[in-house]
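Just so it is clear, A, B, C, D, E and F label the chains in written order, and each chain counts residues from 1 on its own.
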Amino acid sequence: MSFTPQLPPVAKLEQKTVVDLVANGKRIDDRTADSYRQLHIQVGLIEKANGSAQVHLGKSKVLVGVKVETGTPFPDTPDEGVLTVNAELGPLASPLFETGPPSEQAIELARVIDRGIRESKAVDMKSLVLLKGKKVQVVFVDIYILDHDGNLIDAASIAALAALASAKMLKAELKGDEVVYKPGLHSLPLNNHPVAVTFAKVGKTIVVDPVLEEEQVMNARLTVTIEKNGNICAMQKGGLSGFTQDELKTVVHLAVQKAAENRAKILAAAKG
Amino acid sequence: MPEPKQPEKLIDDKGIRIDGRRLDQLRPIKLEVGILDKADGSAYIEQGKNKILVGVYGPREAHPKHIALPDRAVLRCRYRMAPFSVDERKNPAPSRREMELSKVIRESLESVVLTDLYPRTTIDVFIEVLQSDGGSRCAGITAASLALADAGIPMRELVAACAVGKIQGHMALDLSDAEDKYGEADLPVAWVPNANLVTLLQMDGILTTNEFEKGLTMALDACKTIHGMQQEALKKKYLVIKEVAEEREETEVVA
Amino acid sequence: MSFTPQLPPVAKLEQKTVVDLVANGKRIDDRTADSYRQLHIQVGLIEKANGSAQVHLGKSKVLVGVKVETGTPFPDTPDEGVLTVNAELGPLASPLFETGPPSEQAIELARVIDRGIRESKAVDMKSLVLLKGKKVQVVFVDIYILDHDGNLIDAASIAALAALASAKMLKAELKGDEVVYKPGLHSLPLNNHPVAVTFAKVGKTIVVDPVLEEEQVMNARLTVTIEKNGNICAMQKGGLSGFTQDELKTVVHLAVQKAAENRAKILAAAKG
Amino acid sequence: MPEPKQPEKLIDDKGIRIDGRRLDQLRPIKLEVGILDKADGSAYIEQGKNKILVGVYGPREAHPKHIALPDRAVLRCRYRMAPFSVDERKNPAPSRREMELSKVIRESLESVVLTDLYPRTTIDVFIEVLQSDGGSRCAGITAASLALADAGIPMRELVAACAVGKIQGHMALDLSDAEDKYGEADLPVAWVPNANLVTLLQMDGILTTNEFEKGLTMALDACKTIHGMQQEALKKKYLVIKEVAEEREETEVVA
Amino acid sequence: MSFTPQLPPVAKLEQKTVVDLVANGKRIDDRTADSYRQLHIQVGLIEKANGSAQVHLGKSKVLVGVKVETGTPFPDTPDEGVLTVNAELGPLASPLFETGPPSEQAIELARVIDRGIRESKAVDMKSLVLLKGKKVQVVFVDIYILDHDGNLIDAASIAALAALASAKMLKAELKGDEVVYKPGLHSLPLNNHPVAVTFAKVGKTIVVDPVLEEEQVMNARLTVTIEKNGNICAMQKGGLSGFTQDELKTVVHLAVQKAAENRAKILAAAKG
Amino acid sequence: MPEPKQPEKLIDDKGIRIDGRRLDQLRPIKLEVGILDKADGSAYIEQGKNKILVGVYGPREAHPKHIALPDRAVLRCRYRMAPFSVDERKNPAPSRREMELSKVIRESLESVVLTDLYPRTTIDVFIEVLQSDGGSRCAGITAASLALADAGIPMRELVAACAVGKIQGHMALDLSDAEDKYGEADLPVAWVPNANLVTLLQMDGILTTNEFEKGLTMALDACKTIHGMQQEALKKKYLVIKEVAEEREETEVVA
């Protein structure tokens, strides 16, 4: 059951400061409304994963690992591989997070990232089939939040794409019943590059890439995921209030632009 | 049950969809208010083959206590699919999809409920999808608004919801199961008309920004229509009650 | 672990009223001790289920859906299909019910309904085998409680039988490894028609089909399930006290009569 | 372990059952009281190959507190089968069957325990089936009564329990595993003799109403016998304690 | 998440008594520091298990059942059977134990016993294979604690070895796809006899086989499991403090001696 | 990812191990302190291919309240492996191994933390193994000590930890993954140097008592070395902070 979350007590004065700043075209960390925090992407940190990327978005830190393993396809898609996105919002990353099974926030995060990858057909699922209906390759995208200072969706989206784009895998084949691996590393077959761009409505103003303090006072949140051709491939509104029709139009166009900027950085980092 | 087969075309040469609708046409909608005995408020919606029952309890004492908020009621929401509501039986354990939808549905309702009138309590919204046919989250929101009103919970206004999608390259209103499955995109929207706030918005598939804008307009127009139906349904319920009240002495009514 | 349930606070005076009425041969809703509330049965509401029935028993409302799917038999019964009965006593139906995994009350309800169907051999389990030991048809009976005003067991039993008796299924066959369906709908193979009849002991009097207020003051509860030949196929006593030997004899004979009455209504409704 | 094979006949031409018993004969029963050190009360029963240990704790502070009742003790009961207690190893996670039996066993004991003497506390009954051989719920109730008494919990009287069943068309007392599995019906009964109340009654299989009545009488007769054994077992325990008390100065005794 | 346990309130005076006794070379139950409580081993109590043993170590009582069943090997050890050790520290045995999923104490207990059996290669895993990679025999060792008066690890270790050493099983073979059993009982193939010996450090003194009162005041605990040739095959330190290097050396040598004594008793009991 | 193949030899003719180390040589160790923003204290360790992050929160109010202790802080510890930290993806659900290690790691730290200064609170240690390469529990303890110190939690001294093992018949320090897997024994040790207390000790495999004694000495020597590195790492962090403090006015620092 989902219920209204208990936000940590933030002093009214502090809340007012954040809102007033945004109302005056400023932000608590001196950015403009439409600019991201500093973005740092490092790939390949986890040698045991097929792909990995650590992303610092300001003080938010996310690590994503990609593993490719052999498994069984879903009965209704016998000629496709399997993609699984999982997120851990563990208590290491924030006093707001608790131990235990994935919270609704973790599930939402994972599903939004999943939708962006899946709907843009980023991973070439057909090429992951070893034996139709019986054996396919399963791509696990595991999102590990290390430090939560706001906008985890974009940090995770960026890290997931960087990890996928830099992933290397052995070519698997079936010999009789057994999976054998051929020598030589190949890239994971990637056809698209979805990038999530998240906005927060603070007071009446919309800012991109909200920092934690802004998330704690925002009225609503919107994530727009843009694929490489500039089309929308996923959206998710969050938060207790909403957006006007005009706001949505503006935001979608800004998302296209911001996604392109971040995509260039991601692909550059993934190439090393 | 084996799933229905993929239709050859989703739209025919005359622009008519597999269930006979035009692109901008809603499925038939039936709304009923106050049909449960134990719940404080309830509503039932049929939209296409969707059959959804919503029950509301509250404001009532928060349980467990630690979830209570000092300055407002906690709104709780559960979206749940009956095991028999879909072609292939759904495992009764809550799925990740159900958990996500419970959250976004709750967030679509939060801004209209006057929760600050009932600090330290909970208002519980249980959405039971008895049969699902595409657009169940939107139909659930439409019915949940009515159930909240039926429970006598003070609200700024009703929330109406409807999805729009893309099939065979065209934006089309209120996708059915087959259109959702074999179409190119789905865009569920919830709208608070007077505040002019979109309080639920999700999308999956591929849309150009133009298609998004067009689709959003179609969805909001449909929400307006549905909002009218919601008000009719509430009136009907209260008319019935009034008549009954004149016959008997109490205002209680069997749905 | 099972523990003494916490009943909602019912005013002593109200409790006394219910008990006194029963002691005087009356009931809170003007019925006689041996009569049921009004019974309304509607089948076929859920088109996506093979069978379904919604039952109103007074203000209690239960929806049962029956689905037939392909699965694996149990190792110790390779030549039989599988029957699974599941009940959801969700918080929609009563302030007494909570979210979370099935309560002991839900489990007891499902198991009592299951026992009636299974022990009377209502579903022809042999006919559900597609390939002995490997593939069989699985009959899921899912009980969904919508409104709890007492005597959920009988309401669920009636709805389950109506759903089974009205269920239609495609004939499945194995072609090699794959299940194929032949055109044309058939009835689910049903050999028996078990009907549960539930009694409550209020004070020293026994009433059939207890309403919620009676359940809240009853000393004990007894369900007797009768199959089509008038034999007992399941029993379940509940509640904190018990029954005398003589009471049990009386009750069993009354159950035979009441089951026959309800069975006729169920089968009539199932035929439409 | 592979299951034993189905016997050709459950009753031979002379009316004798596979384990040598007549139709109205109980299996050998062994009762021991006070055999655990940490539990406040305990008892052990062997009935056929059933081996069941029951421990009782309480009255003690309710934990978690919200289950406490203001006017009586909460009785809690857990029926549990050891993984090695049955032919095919049982998964240690609680099964639906265990949950149902915990409930009906608790309900069979509720009416004899003077719970109103200990408001806001719990009395916990843990029934551990170390080996199961048909009729384990009844044997568990028989032992649980003794363990409650051993814990010094005030009770109106002891509850005795025994199942009766139908094999090869005859009503037979106290079915063993094979009889239960290959027989036609099983009817477990718990009885409070002085109050003359049947506090547990379940049935599965097919019985005519006449067979039910006959079976019930057989079961109650057996309960009477078992009730006598229970009283013997309690006496023996207290005799032992008395002797020990005379030897030592404390009344504590090692089981 | 593991957290500092809440010990039951033991009167300071009582705690002091236990510590003072040990400091003076005495113990609360009149033993010497290096002696075990009375050990009683009974095998074969559970006829439905392949092997079973009930152990009384003073007032601590443990029952272990061993079952052999057919199952699937782990993918990375296709040519070995499977060994599974599970422990139940149920609320019957102590007011300190609760219902619910296995506590960290139960998991630690099971894993320490498992390690002793596994690392000493006690069970001949190769001989349990029916069809390489597909079907093997699975040995379940289920530990059931009945009464907790301290040193459950040793009591469980002794019971596990006695149950394994006295276990009888049917010879299984594959006929086509099916498992068939040949007549005649065989012993479970056992190559080694690991025995755990546990010490507690009370004040500055180390005692073997701590009773509950000693466990409640001990600084630290050490289990040393010794295989039949006198080598160490498992160790586990527990408790909030630790041991000096010298203490560890002393304890390990004492463990070798005590394990040999207990092993003789176990094997004698297992033979019956 | 497919697992690496078993090496032919773990030690070559010259006594050199597969990664080029001598038997008594540690893998390269890198320590960083204070690298997380939200945690009250944090540390990062690389030891061979182990990459482990530790965050500490507290002392803070105990939640849930009933775990609080009246006379000391409750130390809580969670050892967790990321799904991508091992060759074959680890299921995110907590494993029995993780639960056991959380316990023994907590017990290795309990005696150095001055918990009696903070009654009724918790001090939480979260150990996240991002990549695992043999000896991760010891590396986790080494880093956890630093994270506790970084959080400003008063401690008697730092705990250092290192495993020793047996490969091809020789005792060898600080086993890597392959050595752990194909070797004969593994002996993880945590040491509190000044108190001279071994606070974590586990062993699996086969060791003679002589081998154990030799191995223990090797492990404690290595712990001494690691203890030195820990103190260096703390100094470095505080030097950086000092410099920063001179530049800015606050002492806060971005890792």
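FYI, a residue touches a chain if its C-beta (ideal position, glycine included) is under 8 Å from a C-beta of that chain, and two chains touch if they have at least 3 such contacts.
This is a predicted model, so every value here is computed, not measured.
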Touching both subunit C and subunit F (chains): none
Counterpart interface for E-F, drawn from B-C, A-F or C-D and sharing over half of its contact pairs: C-D
Pair joined by more contacting C-beta pairs (C-D or B-C): C-D
Centroid comparison with subunit E (C-alpha atoms), farthest chain: B
Where subunit A and subunit B are represented by their mean Cα positions, the distance between them in whole Å: 28
Geometric centre distance via CA averages, subunit E-subunit B, whole Å: 57
Centroid spacing, where centroids are CA-atom means, of subunit B and subunit D in whole angstrom: 51
Between subunit E and subunit D, distance of the C-alpha-averaged centres to the nearest whole Å: 30
Residues within subunit B bordering two or more other chains: 78, 124
Residues of subunit A whose C-beta touches two or more other chains: 1, 99
Contact graph of the chains (line, ring, star, complete, other): ring
Residues of subunit A defined as touching subunit B within the complex: 1-4, 6, 76, 104, 107-108, 110-111, 115, 118-120, 220, 222, 227, 230-245, 248-249, 252-253, 256
Residue ranges of subunit F in contact with subunit E within the complex: 3, 67, 69, 72-78, 96-97, 99-100, 102-108, 110-111, 115, 122, 124, 185, 187, 192, 195-209, 212-213, 216-217, 220
Subunit A residues touching subunit F - in the complex, by the definition given at the top: 45-50, 52, 59, 61, 63, 65-69, 86, 88, 90-95, 99, 140, 142, 144, 146-149, 169-170, 181
In the complex with subunit A, residue positions of subunit F that touch it: 1-2, 36-39, 49, 51, 53, 55, 57, 60, 78, 80, 82-89, 92, 124, 126, 128, 130-132, 254
